[in-house]
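Next, two complexes with subunit A in common: one pairs it with subunit B, the other with subunit C.
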Partner chain A sequence: MIENNTALQLEIAELMVQALNLDVAAAEIEPDAPLYGSGLGLDSIDILEVALVISKQYGLQLKSDNENNHQIFSSLRSLAEYVATHKTK
Partner chain B sequence: MTQPKESTYQKSAPWLKQKERSNTLMLRIMSWISLRLGRRAGRLVLHLIALYFVLFAPASRRASLGYLPRALGRPANLIDLYKHFFCFASTIHDRIYLINRRYDLFDIDIQGKNVIRPLIDAKKGVLLMGAHLGSFEVMRAIGRKVPGLSVAMVMHKDNAQKINAMLSAINPEASMDVIPLGHIDSMLQVQQRLDEGMLVGMLADRTLGDEPMAQLELLGAPAAIPTGPFRMAALLRRQVVFMVGLYMGDNRYQVHFETLADFAEVPRGERDQAVDKAIARYVELLNRYTRLAPYNWFNFFDYWQSVPASLTEKSHNIHE
Partner chain C sequence: MQKLPLITHSALNKTISWRKGAPILVERFLADVAYLAATLPAGKHVLNVCRDRYHFAVGFAAAMVSNKVSLLPPTHTPEMVQQLQAFAADVFCLHDNKECDIALPKLSYPVIPDISAQPQVSHPKAQQLEIPLQEIPQIDAEQLAAIVFTSGSTGTPVPHKKSWGSLVSNVLAQSERLELDSGTDYTIVGTIPPQHMYGFESTVLLPLQSGNALSSEQPFYPADIAAALTDIVGEHILVSTPLHLRLLLDADIELPKLSMVLSATAPLSNALAHKVEASLKAPLIEIYGSTETGQIATRQTTKTEEWQLLPNVRLSARDGRFWADGGHVEIAVPLNDVIEPLENDRFLLLGRMQDMINIGGKRSSLANLNHHLNNITSVIDGAFFMPDELSHDHVTRLCACVVAPNLTAAQILAELRTRIDPVFLPRPLLFVQSLPRNSTGKLPRNALQKLIIQHMLANQEECST
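What follows is the complex of A and B.
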């Protein structure tokens, strides 16, 4: 399970790098660094883009009324955990 | 969009610090006058307020004198300055009546209904983009007059709090549906409202300081325009309509809807060009309407302040 998640983290990191044209390599994104604001430096529009790409890729919903959004998008690790438990494809 | 974000700079700083202070003071004075004395008497007092600003608000005066010659195409004199402040004061004053649904007091001319009507009927969600140009409240008033139409406004959360405090002071039923910026899921909220078929409005001429800008010619000089609202519209694949509510003197307002962009069918690979095109169209519309109603520009800070060096070197580095 942990290994799966590491693979998934990298996969998601690659999706993010591609979607946002980030200047970092996917493997260099710290799993526990904040995605939003300081850390990776994404703004809320970037987060939207990530949400759209991930929803499409994994067939899941990332909605605004989810109270856990701050938690889900807090780091690559937590995003991967959410995807792992909710993905439908 | 990416790091390093050297194209980011703080247009927000001047307006967050300086403008809101005078704005709040003005609001407080005018709510009192309007509720006690009525619109006609209230407007007499507005002249005093405009005069006060001409004489004793050097920062606002400087900003106005920096802007007016660009829109008027000639040097600005004291009368222009006075008209500018009077126009601003009028829209704030009228807000109090509009919030209380006193539409009978006003002559509101709506142009471009054919642009917005089919989009509302389609119920697919529309983004409305305005500017700090004219009356924000008259735009909301139009929204309330159309049955079944609901508008949520995207704004900075501090502003949202101030505005809602003011609204509830004037009319407890007049709360506003606000999507506050600065949250991790702000844009997901925008998406959700659009998915529900709502209209989502925002004033796209100011940034909050954490987003990339593009340099465009506004009234003949380079200005930095935030790209965020247009990137967001492109990601969400929505139609974007420009909306402005201009104060035309006395009790007259002119509301204009204009087609701005349609991102519904834009393929991913062409998104950046489509965003650039939308920003250019937005600025074209700002040029047109600031010239049509020059005293309606309510950015009382130096909008043309030095454009970031990274933008002047390459005209466009926002998409890498």
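What follows is the complex of A and C.
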């Protein structure tokens, strides 16, 4: 399970780097560093773009489950967990 | 002195908002406004950062009935908050977020008891109640209702005062143009914050002044937009941006029927406009305006590329640019776009003036961003650069070149983050030996562009070898 998520994390990191043309290698993105704001430096426009790519790739729709839209994007780990739970393909 | 009503709904049991799947009636709204007004601290200026659009509307109305002014800055960075405090020392922050970290005296949006609940009002067959006139607050048209800030070019935000009368006449003109006063009850759902001038007008003032309802939500992901629309019974209007509309269509999810779609912040491509109308089966109306002028023109993009001014607003050429005045625009305002006037009240929009930046509806100028970059200690020289836009519907990001041998990229970005809105952070941030300034110290755009291309090519080679 842990192994799967590590692979998924890298896969998602690669999607992100590609979609946003980021100046960093996918493997360098720390699983627990914040993606939003001060960490990787994504903002809400990036998050919407990445959400679209992820929804196509894994057949899911991201939803804000609470007041904080960026909760799912708090780290690569939490994003991968969300995808692992909700993916349909 | 002319007085104008806070809201124009015709009865106390009309719906003024939808929140968490249930309607909120005018009576409850008025009670909430009165309750909150009695709770506000003494300061005359309010920074209303409520995310819930109903909370924002109650906060704005409560401020007005207490003769307070709402401040709407372009961003909430620590530096901007400090500048607001320098502008108005008594400013306090009204918020509805437990984690609000704005460094001002704070008031959390209170839990307001529902003292207005009357069984005959909630009964579906209740007769429409005549509103006693004294229950709808009447606001002096000349009262200063809001001060909206733009980021300016010297690092200090520029205030633009909005009287209640000018705000009302602006959205009444919009309501007439969109034919929202036809007797149908609409609920307006917005993907943009109420604190942005476009959101303030089209998702807060417009429903309050056209007898319609506002959705409290600020849906983020496409699925959230669909859910916000599905939760509301009746006719819907979606107020959005080219970016959100493109992503909503790309997400390919089922949406309930819409009556109209509004878009602003950047011009929409003709292709996306056709796609929106075909998929959402509703007319798409684009709105043109600015923080300084409010909205001044509209067009239905699938029918014409010509913009039509709102009634009484005029454009005139002076000092090499166009100015808007008339109607709700009380003092002539220079526009930041290149315009080609046509017959009567029509014009074409040809593009932005060189120095102006608009990313995802956030506006700044290169002068302002350069000011902040060069104000960082140990930055010897630096300049932002806006690449040519590939498409209106995609967001193009800024680059910056910096001469700062003693700093890292992370240090510079962290400094910038406290000063400018994160959408303007440079990608990439390039470290250079010097900037190609000419003998007068000016930095020609094409020289900077050449330097950036050289650097990016060199970096690519480094990566591939």
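Keep in mind that, in the parts below, the second predicted complex is superposed on the first by the 82 of 89 C-alpha atoms of A that agree within 3 Å, B and C clash if a C-alpha of one lies under 4 Å from a C-alpha of the other, contacts with A are read in each partner's own complex, and residues count from 1 in each chain.
Here is the rule we go by: a contact is a pair of C-beta atoms (placed from the backbone, for glycine too) under 8 Å apart; a residue touches a chain by one contact, two chains touch by 3 or more.
Note that this is a predicted model, so its numbers are computed, not measured.
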item	value
Contacts of A:44 with subunit B and subunit C, given as first, second, both or neither	both
Touching partner for A:63 - first (subunit B), second (subunit C), both, neither	both
Touch count on subunit A, higher of subunit B and subunit C	B
First (subunit B), second (subunit C), both or neither touched by A:23	both
First, second, both or neither for A:52, with subunit B first and subunit C second	both
Common interface positions of subunit A, toward subunit B and toward subunit C	21, 23, 37, 41, 43-45, 48-49, 51-52, 62-64, 69
Subunit A residues within the subunit C interface of the complex	21, 23, 37-38, 41, 43-45, 48-49, 51-52, 55, 61-64, 67, 69
Complex contact set, residues of subunit A against subunit B	20-24, 36-37, 40-41, 43-49, 51-52, 62-66, 69-70, 73
Touching residues on subunit C, where the partner in the complex is subunit A	51, 97, 219-224, 227, 243-244, 247, 250-251, 253, 359-360, 395, 413-414, 417, 422-423, 425, 427-428
Sites on subunit B touched by subunit A in the complex	1-5, 181-192, 210-211, 228, 231-232, 235-236, 319-320
